[in-house]
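Same chain, two partners: chain A is paired with chain B first, then with chain C.
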Partner chain A sequence: MLEYLLSLLILTTIWTLLTQSYNLSFGLTGLFNLGHIIFYGIGAYTAAILNTDYGLQILPNLIIAAVVCGIVAAIFGLLTLRLSGHYLAIATLGAAMIAIVVATNWMDLTNGPLGIRGIDGPILFDLQITESWQILLLFLVIAGLCQWTLYKIFHSPFGRLQRAIQDDEIAARAVGKNTFLSKTWSLVLSSAFAGIAGAMYTHYRLFLDPTIFALPEIIFLILMIIVGGRGNFWGAILGTILVVIIGEIPRFFGFPDSIIGASRNILFAALLITTMFYRPKGLFTLFAKKAT
Partner chain B sequence: MNFLEIHSLSKAFDGLHAVENLHFTVKKNTITGLIGPNGAGKTTAFNLITHFLPKDSGKVVYAGENLKKLPAYKVVQRGMARTFQQIRLWPNLTVRENLLLACSREYDSWWKSFTHTNEAHQDTQIDEMLDKVNLRKYKNHLASDLSYGQSKLIEIARTILTDAELILLDEPASGINPTLLRTVEDLIFELKKQGKTILVIEHNMPFLMGISDEVVVMENGRFLMQDKPEKVQSDPRVLEAYLGG
Partner chain C sequence: MSDILIQLIWNGLVTGSLIALVALGLTLIYGIAHFIQFAHGEMVAIGAYTFMVFHKLSAWPIVPAALASIFITIVIGILLEKLFFKPVREHDPLIPLVIAIGLSIGIQALILIIFGPNILTISDHSYESYSFLDGALLATPSQILAFVFAVVLMIGLHLFLKKTKRGKAIRAISSNRSIGKTFGLSTDKSMMWVFGIGSLLTAIAGIFLGFEQNLEPLMGVQISVKAFSAVILGAIGSVRGAIFGSFLIGLAESLLVGLGIVASGFTAGIPFVILILMLLIRPEGLFGKRFVSLRQ
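Take a look at the complex of A and B:
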């Protein structure tokens, strides 16, 4: 039971970072990148390959995963962000499908559907971390640093500009802002942090296969952000925790495995609809930092 | 000296010639009016001059520079800023934030998020501006809380705060009460005193003729005449354009 709880806490720490990363591009800037999950997957695969093929450990892998995802996102941004929002959605969705094909078929690199096994757990300067509570602690520190960075970005003039772009991009240009560049940076940063979350996942799960690119997961990210309030920093964190807790309810009440998935989805749908009807700005508007 | 020169500017929407072969000039440190019946193409001309719409053909020369295909945001950085006929504030941002975004670009990069960003200087600028338009007490309200007239003033204030040399106002007097109208008038005169150049679209003739040094008249997307307000008011072609339109 304790082991299960620790595992849930570790995963929640990773998911919270993933949600927050999406909260930057989707929540704050209003970019409709339906393929955000690919950056999670690319980060995860980057770490897995670097570890199993090149013997690199978690810390360098986190950084390299961030850089790789940032570069891929920059290419997407430069190609699509000058066009209307639909292009980004279509391009990232398309890329996600390509990513699945690559992960499934490029056997030499990814070992295909069999997945990559034998990944090292977190090793810090030759110190192997094996206990779950130690991993949780380490991940809280790493994710905490990332969250702090994102907090700074959210509440900076750059963050203000992102909210302005979401509200009315033309008005932002009318005061001399290079909105194309700003949106691209938002996408790059957002993707880099998703890559870090993916690399953390790899070094926790120690096994990786193409299901990491599961596209429908984007629904959960959107759910967590809508529940928390788009662009609301603390909302994304509380939204993720709330969704995790609600997702555990069927198991907690001993529902049979066969209907756990379905009953979860019903609860999530109810949560989404309730939020959109009664609290369109999110359940946690109370926690919203006063505008800067 | 001509601060702004428009040469044979044209734009068609699906065969409709919204602006056709338009040409006129704006002299430095003057207030120039731009009038014409509804649908004459005034707003489209603004969109073309400020590069918010790509032109089909023609040339915009601002402060001696042919703007060619400069992106709209760079046109603003060169010192030409405008308001919109349909007000474009950021409704989910506060009045202060709406104005702050115009004040400077020095902190816009994300990596500046980690260094101390002191915006006290901008706040002073904003307070002064809010005092001029009597909206200081709305500083921390959301822009969506403002009335139509108040929004209009804040949009003008925001445009001024970009530190533009040439300011284009699209119907600043429409839909606002006489008191606010006086405020707008004072703002425009003060800008002129500071050496700025202003181009104004307006249907309120007494207001426009009262403030303009020169007036440009458009009809059906084309240039009709450009002259002193007195001359324009008594010109039979202008009367006909309005009655016939």
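Take a look at the complex of A and C:
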């Protein structure tokens, strides 16, 4: 029971970082990019490959994953950020579909559908970390640092510019801001943090296959950010925690294994739809004193 | 060589027709309601599963079973609009889109709970393929019917939108809702018709898809992601564009894989590679108007 709770906490820590990174590009800048999961996946694969083929450990992997994701995001942004609205959404959803196809078929790099096994757990300066609570502590520190950086970004002039772009891009351009460049930067930073979350996931799960890019993951991510409240720093955290808790409910009702996943999805669907009906800005508004 | 080419083109046309049946509903709904109906693919699955219930489990003949399944799908489509999309009609288009995503996972989960995760067949019979052109072309009856139905329905839809009063009202509301209202057109009625027509088309696509492949809870997703890219490819909201995009994707998949240009494992990526390449050249879609702002 304790192990289960710890593993849930570790995953929540990782997912909170992933949601927060998505909150930067989707919530703050308003890019409806359905392909954010690509960067989580690329970060995860980068760490897995660096670890199994080159023997690098978690700390360098986190940094390299962030850099790789940032570079890929810059290219991705140049290709897609000219689009807007639903065009951007479907083109980026398509990019995620392409990512899963590539990860499944590029056997040399990703070992295809068989996945990559035998990844090392977190090793800090030759010190192997095996206990779950130690991993949780380490991940809380790493994710905490990232969250703090994201918080600073959210409340910096750069963050306010992103919010302005979401509200009225033409007005932001009219006061002399290069909005295309700012949007690309937002995407690059957001993807770099997603890459870090992906690398953490790899070093915790120790196994990786192409389903990390799949549609259910994309929907799960959208769920976490929409339910909590996009564009609000605390909303992303609230959303992730809430979704994790609600997702665990069916386990405690003794449903047969075959329908646990399905009953969870029904709960998620209900959660998403009720949130949209009654709190379209997200559930953080329940706690906020004034609407932001 | 030419033999296999004919067969591949035929297969591509059939796939294209099925995609088009889904894409037409999507593009009509986008045109009038301005959001991507993410759960539209689930209507395919509803059509196929209800047909299976009537035809295979209750042993009805094909035609009444198909009519019943189409009827039920239409009712469900209209109900979804009334219950879930109508209340948020005047909101930011992101909200109905997110609701549609919720409906999509909810309906998939319901199908999974009711029918189980296993792959089912739509009918106990198997039908002989017909052979044409001295055996150069093999076509199953369901393929021929799917193609004929798709073409007839496309022409019918075109005539409906251009010639009938109701079709003209739908186009008027699509192009400007508030001016349409001023002229006494009912948005509610037009929405109902559009969701009804969309569901009718997807139910038919679902039945044929069930004969072509098999039934599984996620069957709608596979075809709807292709339909999304077909719709965007042709310029979202455009009927001609959706038809063109669907056939382009169907033919490209069949030819690129069949002629060995692309390995079969990469099939699922083809529609999106075409889509992204096209958007780089013409971000407004093949049939979109230039110089029109794409901002929502």
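Heads up, the rule we're going with is that the second predicted complex is superposed on the first by the 278 of 292 C-alpha atoms of A that agree within 3 Å, B and C clash if a C-alpha of one lies under 4 Å from a C-alpha of the other, contacts with A are read in each partner's own complex, and residues count from 1 in each chain.
Keep in mind that, in the parts below, contacts are C-beta pairs under 8 Å (C-beta built on N, C-alpha and C of every residue); 3 or more make two chains touch, one makes a residue touch a chain.
Everything quoted here is computed from the prediction, not taken from an experiment.
Using the superposition on chain A, tell me whether chain B and chain C clash or fit.
Aligned on chain A, chain C fits beside chain B.
Quick one: chain B or chain C, who's touching more of chain A?
Counting contacted residues of chain A, the larger count belongs to C.
With the two complexes superposed on chain A, say which partner A:F233 touches: chain B (first), chain C (second), both, or neither.
neither
For A:A89, decide between first (touching chain B), second (touching chain C), both and neither.
Once the two structures are laid over each other on A, A:A89 reaches chain C alone.
Please work out whether A:V101 is in contact with chain B alone, chain C alone, both, or neither, and reply first, second, both or neither.
After superposing on A, A:V101 lies in contact with chain C but is clear of chain B.
For A:K152, using the defined touch cut-off, is the partner it touches chain B, chain C, both, or neither? Pick first, second, both or neither.
first
At the CA centre of chain A, how far apart in angle are the CA centres of chain B and chain C, to the nearest 10 degrees?
80
Which value, in Å, gives the least CA distance between chain B and chain C in the superposed three-chain arrangement?
Scanning every C-alpha pair, the shortest chain B to chain C distance is 8 Å.
What is the shared patch of chain A, the residues that chain B and chain C both contact?
Comparing the two interfaces on chain A, one with chain B and one with chain C, no residues are shared.
If we count contacts the way the header does, which residues on chain A are in touch with chain B in the complex?
On the chain A side, the touching residues are 149, 152-153, 155-161, 163-164, 166-168, 170-179, 182, 185, 189, 291-292.
Of all residues in chain A, which touch chain C in the complex?
Against chain C, the touching part of chain A is residues 32, 79-80, 82-87, 89-91, 93-95, 97-98, 100-102, 104-105, 169, 215-216, 219, 222, 226, 258-259, 261-266, 268-273, 276-277, 280.
Flag every residue of chain B that touches chain A in the complex, lowest number first.
Residues 50, 52, 71-74, 76-77, 81-82, 84, 88-94, 97, 100-102, 105, 107-110, 112-114, 117, 119, 140, 158-159, 162.
What part of chain C is in contact with chain A in the complex they form?
The touching residues are 30, 35-36, 84, 87-88, 91-95, 97-99, 101-103, 105-106, 108-110, 112-113, 116-117, 221, 225, 228-229, 231-232, 236, 263, 265-266, 268-269, 271-273, 275-276, 279-280, 283, 285, 294-296.
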